[in-house]
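You will see chain A twice below: alongside chain B first, and alongside chain C after that.
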Partner chain A sequence: MKITMKNLLKLIIATLVVLVAFTSCNNSNSSTSGALSSNVAERVYVPPGQHDSHYAFISGGYSGNVTVYGLPSGRMFKEIPVFSQFPTSGYGYSEETKPLLNTSYGFIPWDDAHHPDISQTNGEIDGRYIFVNGNNTPRIAKIDLLTFETTEIIEIPNSAGNHSSSYVTDNTEYVVAGTRFAVPVPQKDMAIKDYKGNFKGTLSFIKVDSEDGGMEIKFQILMPGFDYDKAHPGRGKSHGWFFFTTYNTEEASTLLEVNASQNDKDFVAAVNWKMIEEYVNNGGGKMMPTNYAHNVYDESTHTATSTMKKEVRVIDPSEVPGALYFLPMPKSPHGCDVDPTGEYIVGSGKLSANVTVHSFTKMLDAIKNEKFSGDAYGIPILNFEDVLAGAVEQPGLGPLHTEFDDRGNAYTTFFISSEVVKWKLGTWEVLDRQPTFYSVGHLTIAGGNSRKPDGKYMFAMNKITKDRYLPTGPELEHSAQLYDISGDKMELLLDFPTHGEPHYAAAMRADIIKERSKKIYKLEENNHAYVAKTDDDVKVVRNGNEVHISMTTIRSHFSPDNIEGIRVGDKVYFHVTNLEQDFDVPHGFAIIGQNTSELLIMPGQTKTSVWEPKQVGVWPFYCTDFCSALHQEMQGYVRVSAANANTPLKWSLGEDIE
Partner chain B sequence: MKRSNIIMLIAALLPLGLFLFPLWRITLEAPQYPIPLAMNIHINDFSDVHPHDIKNINLMNHYVGMKYIPDAIPEFKIFPVGIIITTIIGLIIAFKGSYKWFLYWFILMIILSSAGLYDFYIWEHDYGHDLDPKAIMKFTNPDGTVMGFQPPLFGSKDILNFTAHSYPRLGAFFLALGIGGSLLAYFAGNKIHKKTLSM
Partner chain C sequence: MNQTLKLLTILFAALVISCGGKQENKKEGFSYEKKEATEKVTKKAETISASKRVDLSNKGIGPISSLNLPAEIDKTMAAHGADVYKKMCAACHRTDKKFIGPAPTGILERRTPEWIMNIILNPEEMTQKDPLAKELLIEFNGSPMANQNLSEEDARAVLEYFRTLN
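Entry: the complex of A and B
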């Protein structure tokens, strides 16, 4: 070929085109690939008025609550108050909801909400309830997904640091709560240095009623005083077992960062809960005196009640031989995850270079052949090599949590190296890795801890935000990244801020629940003790220095809106019923000098606020929700007379009090 | 039984469908009601299309001073009786009467239905125009007269932020089919009569 100037030019241009293509191809794999370089923007764009395909329920950590997001848009729809008082709606402030936050330590306005898990049937998400654990004052809460409200909270006695919680078994037979900080059981005054051998970690199995979802602690297993960090139920073939990672098998009580990092291997505790359940059903275990709160919200009375329970059934592992085993797991494992088939138990040794995977089949085989390397407090320890399925070699630094897709792949987060690594179950080969921003904790795939994952999206929840968004001073919301995992490679789609400190999240297809989401409470089904269903039911009743006002609201007035005869020193209960029966027409209630929050009352609902007037005068109240065109007119007055005055108790609407 | 009489028999029975299906529906659409508010009108009742629709229509309408939709109106007593009587008459003439009576029944039904529609119009007009003088919001037409909020008798109409639709429902079709059937029975009877004459 004759090289002419023209040909040479063509060659150079062709080479350049190839180079540019190659470079941009490289770019699209890196974090700097912008939405503009592909159709990424379209894939997270949900046009106005249209709905997201998935719900995500993200724990708020120290916010104590759970937030509801849409995927793929990353839009937040609601904050569901769970363990924390929430002045927005009056949760934890209204008389009806205060009992939900009662504990054996009294009323607690806050907790650290960690791991939401959606109820399942046959190992598939059924969308009835979300369970979530309070870590600090051990509790398990249940959110009803018809109303997206917290309807039950049960305190866990004999526990501290309720962290390996609140995971559900294949048919929501149990929600499980494990103890992270071993404590004396029962509690007593003793020297901290005598921890070893004396402290216990309990694993609590809370039975969930298959009809009404009611929770009840069926039994607690009194385990050695290790830290039970994370947990996962067996799935499918391993249904009937539960697995817990442990650290601090050294049983150190001080400077744990060093003293609890000495053992080469800690354990995964394997619990045959079906065997223990049978033992309990036959009268096994001992009732131990204790004290814990069980709080239930009744949707019919719109009121929660708190009951103190005085005993709990405890099981000593030695009573049920064959129900408990320890599987060695390298270096202070954190995450404990079981794949959709139930065969693989993935343990992430935080300080280990590898992600170790144990085999359920091998475990059963080792148990059958009694291949034990010893025991810990009487619980047999299996040989590491006998139960080992394989290991993902050096996938990253600081492995934490693993979720699964429906194509035999696992996705593990790495806190230290800030990335999610995709690997193949069975071959343990690393298939892909994507950076996160920054220092990822948990990750979530819809149904990613169930038998039927939905392998479309995965999102990573990070602990550090730094420069991802516009700065907001020293305190930042955390960041999350959404990836499309339907292809061979993970693709970063979206970066969105989350509220509080998300630990875990649960996600599911929206169509599972969106049609049954409740729109209003039926007024005729309202059995609140002080409900006023019509203006004829409206009344003001004095009982000593307590005054109960059964009040109604409807666009756009309160009935009554003039009240006289209240005296300084009275305790005035405003029981406000929203008479509306139309979707999304709440009314609010607030009165000047109220030492509590407002009320936000949904259609058909009754809520109560207590007001203790301290000065004589005429004091206004009003609707806090812009309910209608006449919202500003939705107001009223309470006349407060001196403590010894004789002003008669009267009330009215639309006419003057005579 | 003659074919024409069989047709008349069916025609006389068809209006009974009004006891099973609504006669008319008024639907109110507005942006903040993605599921529109709607009310079915039966011959003996008003009913919600979605739970609490009538309550919510009343709540909307009270702003402009419209009266609440009553639980019962005298027509709910009169209409069912009217339908039953006309059906009985229709049945009698289907069995006994000459085909000419089919035409008289047809004319009777046309007159009664028109009267019913006129009554409906009067009620609607009153509902839309007899406003509370203390109404929260008062609107006037461009010519200065007080704005009315009468829904259309038939068809669609914009009323402030709502679009109102007023259309017959299945019950009305049963009635129309019955009335039309009687005319058909008349023509069929007429044809047989002519045949008989020519023979």
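Entry: the complex of A and C
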């Protein structure tokens, strides 16, 4: 081999390049990640036994449930079953909770849970309830934050794809539920191509009782047949108004990805709900025959009931002139977010180059001076320039949703360019941008949609996870990212996996509710129809082929634990009461061949599981919760005789059945 | 300079040696004591069971440090106590026999009133720290005394009810 001068020179240069690349790379890596990671680690580390400063309630999207996380640690504390059956606790399987999932379509074991929102007083988070919408079979659920359990679900009639939901007004007067799909109202058999001008979109206002939180549909507004995407109540000065984004103002019924993107501008619908409320209180609107379920869980009986409602009050916008306006907003807006002062209405046109902001003051002025540029189905369209406050020029691609801090800044997610952009309200200048990993949907700041945001943390909920964690096959959990936003620049602190599709979340300071969180249910307040509070109440009662067993549990036995006289073909109800009165001592119940889930029963609570024995024999049951050192001894037997046998009905504990 | 260095070296060496020596001693003593303790427990259990042993000086650990019982039994209070006992205690305690836990009949002949109220009101700490309660936990198969979150008033009423059991 011949080494020429030229080749040698090449070799030397190549070696040098590689060396430089390696060393410089090493240097930069070790210096930045080292210093940064130790500093960041301290800021998200919550030592063992200590508590996080904030709660985050993250919807699970297609999981149908809501998960509870701590911030800044990103630790998950609980999954709250809402729209989906949950075998872990028996939710939706136990006789007491099945009615919560009843609808006009019958029992539905699942939904798509989207936008949790915490109740407010004077525009500030009060921590009493969380409301969350089920998209697919339109429903609004309420979670009680004393128990972190779902206690009420109301179905929304005349709605389809309940998406512009479930946001609350300043004093939780209302929670709204806007339809995504326009549909025939009432439903009827008609050609799909006749959609335009014939379908309607309903915006439902659900009154929340200020005492017990009970929900009731006060009225539905019959809007033009657009798609209604997101919503936000007015805050402070704009309290009394509600804003909804629309898309598909083209009223297309097919290939929406093209056909719903034709108009240069869609609308934000501005609804003066106080005006409509007054109209309704004076007898306005019409009662329309319909059918929807209203399901309420009673903590005293530990039992839910489902009631079918047969009519709903509907309002035609033409009946209440001055209550509804359209504000033009560029290109299929998604987010519709009102800042803490109530002045700015931020629209995120998904296909727009800018983030457009309208002014509430200018809107009132335009209404007063009738600065209209037309109307849509009789609803006045305000002139775009006359309501415009400003625009953030080309901040990123695919703006989606905005929340606010307590220092006059806004934070907008950009789905296509995978980033969060911080900008200034009023000057519209971009202050900072941080990448997200990857394809961010919504973001959350504690109280970030209220009058009083807590501008310490922001977390972004990403739709794509890919390489962020160890791989788990083709299916991955989604991912959230926590940023410290207390300084001038946003700082990425932590990635944490989330369950299902974390569609949106609500967060708050933990101290608002942690002291009042319920520890046990009081046995003396248990009014369940089959409760057994003492040995005297323990019984087995036959009624035809139904057998009701009122049973107790305490560490570490069931009473009774021997039962005879059950027959093949019986329907056996195990009503199990946990007699414990101490924090965190649940007991479980499972019996062989149960065609349903186990039960997990909290102290002082009663839950019921149905068992239909199919074979003669002696069949065991046991406690599924590792409750004590003698948990493995916590078991019993049921003797099942032939359908025509005469084995007497008997039960015992601690002695043989004679 | 050289001298100082030598001195420091010696001091350092001494430190290392003394440290090592101490550690060894500690290890021996610890394992020796452990052996002894285990034997003691076995012997005790063989002699007289904790549930039968009379201890009228131990007041237990908990909110009740001193309690003087009047000579007369308060019948109204005892009746209330019987009701509380039935609702909160009877799942594990039977008056006439050993059940999950010991029978309360005659308990005032074996325990101080303070100890009785403390085991009701503070069972977790009692079964961890009070020697008698610890032994009882073992005697009753490790079945824990459940904290039923009784008020002091209710626990006092249960005690009054126990006075009526003979």
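Here is the rule we use: the second predicted complex is superposed on the first by the 620 of 658 C-alpha atoms of A that agree within 3 Å, B and C clash if a C-alpha of one lies under 4 Å from a C-alpha of the other, contacts with A are read in each partner's own complex, and residues count from 1 in each chain.
Please note the rule applied: contacts are C-beta pairs under 8 Å (C-beta built on N, C-alpha and C of every residue); 3 or more make two chains touch, one makes a residue touch a chain.
Treat the numbers as computed from the prediction; the structure is a model and nothing was measured.
Colleague: Report clash or fit for the pair chain B and chain C bound to chain A in the combined superposed model.
Modeller: On the superposed model, which is not a single observed complex, chain B and chain C clash.
Colleague: Answer with first, second, both or neither: which of chain B and chain C does A:189 touch in the superposed model?
Modeller: It touches nothing on chain B or chain C.
Colleague: In the overlay, answer first, second, both or neither for which of chain B and chain C A:629 touches.
Modeller: Touch partners of A:629: chain B and chain C.
Colleague: Looking at chain A, does chain B or chain C touch a larger number of its residues?
Modeller: Between chain B and chain C, the winner on chain A residue contacts is C.
Colleague: Using the touch definition from the top, say if A:654 reaches chain B (first), chain C (second), both or neither.
Modeller: second
Colleague: Is A:559 touching anything from chain B or chain C once the two structures are fitted on A? First, second, both or neither.
Modeller: Touch partner of A:559: chain C, not chain B.
Colleague: Considering only the touch criterion stated at the top, classify A:581 as touching first (chain B), second (chain C), both, or neither.
Modeller: In the superposition, A:581 touches chain B and chain C alike.
Colleague: Touching A:535 in the superposition: chain B (first), chain C (second), both, neither?
Modeller: Second partner only, chain C.
Colleague: Common interface residues of chain A with chain B and chain C?
Modeller: 520, 554-555, 580-582, 629-630
Colleague: Where on chain C does chain A make contact in their complex?
Modeller: Residues in contact with chain A: 86-88, 90-92, 99-100, 141-144, 146-149.
Colleague: Looking at the complex, which residues from chain A come into contact with chain B?
Modeller: 520, 554-555, 580-583, 629-630
Colleague: List the residues on chain B that touch chain A in their complex, please.
Modeller: Against chain A, the touching part of chain B is residues 35, 51-52, 55-56, 59, 63, 136-137.
Colleague: Along chain A, where are the residues that touch chain C in the complex?
Modeller: Within the complex, chain A touches chain C at residues 520, 523-524, 533-536, 552, 554-557, 559, 579-582, 585, 628-630, 654.
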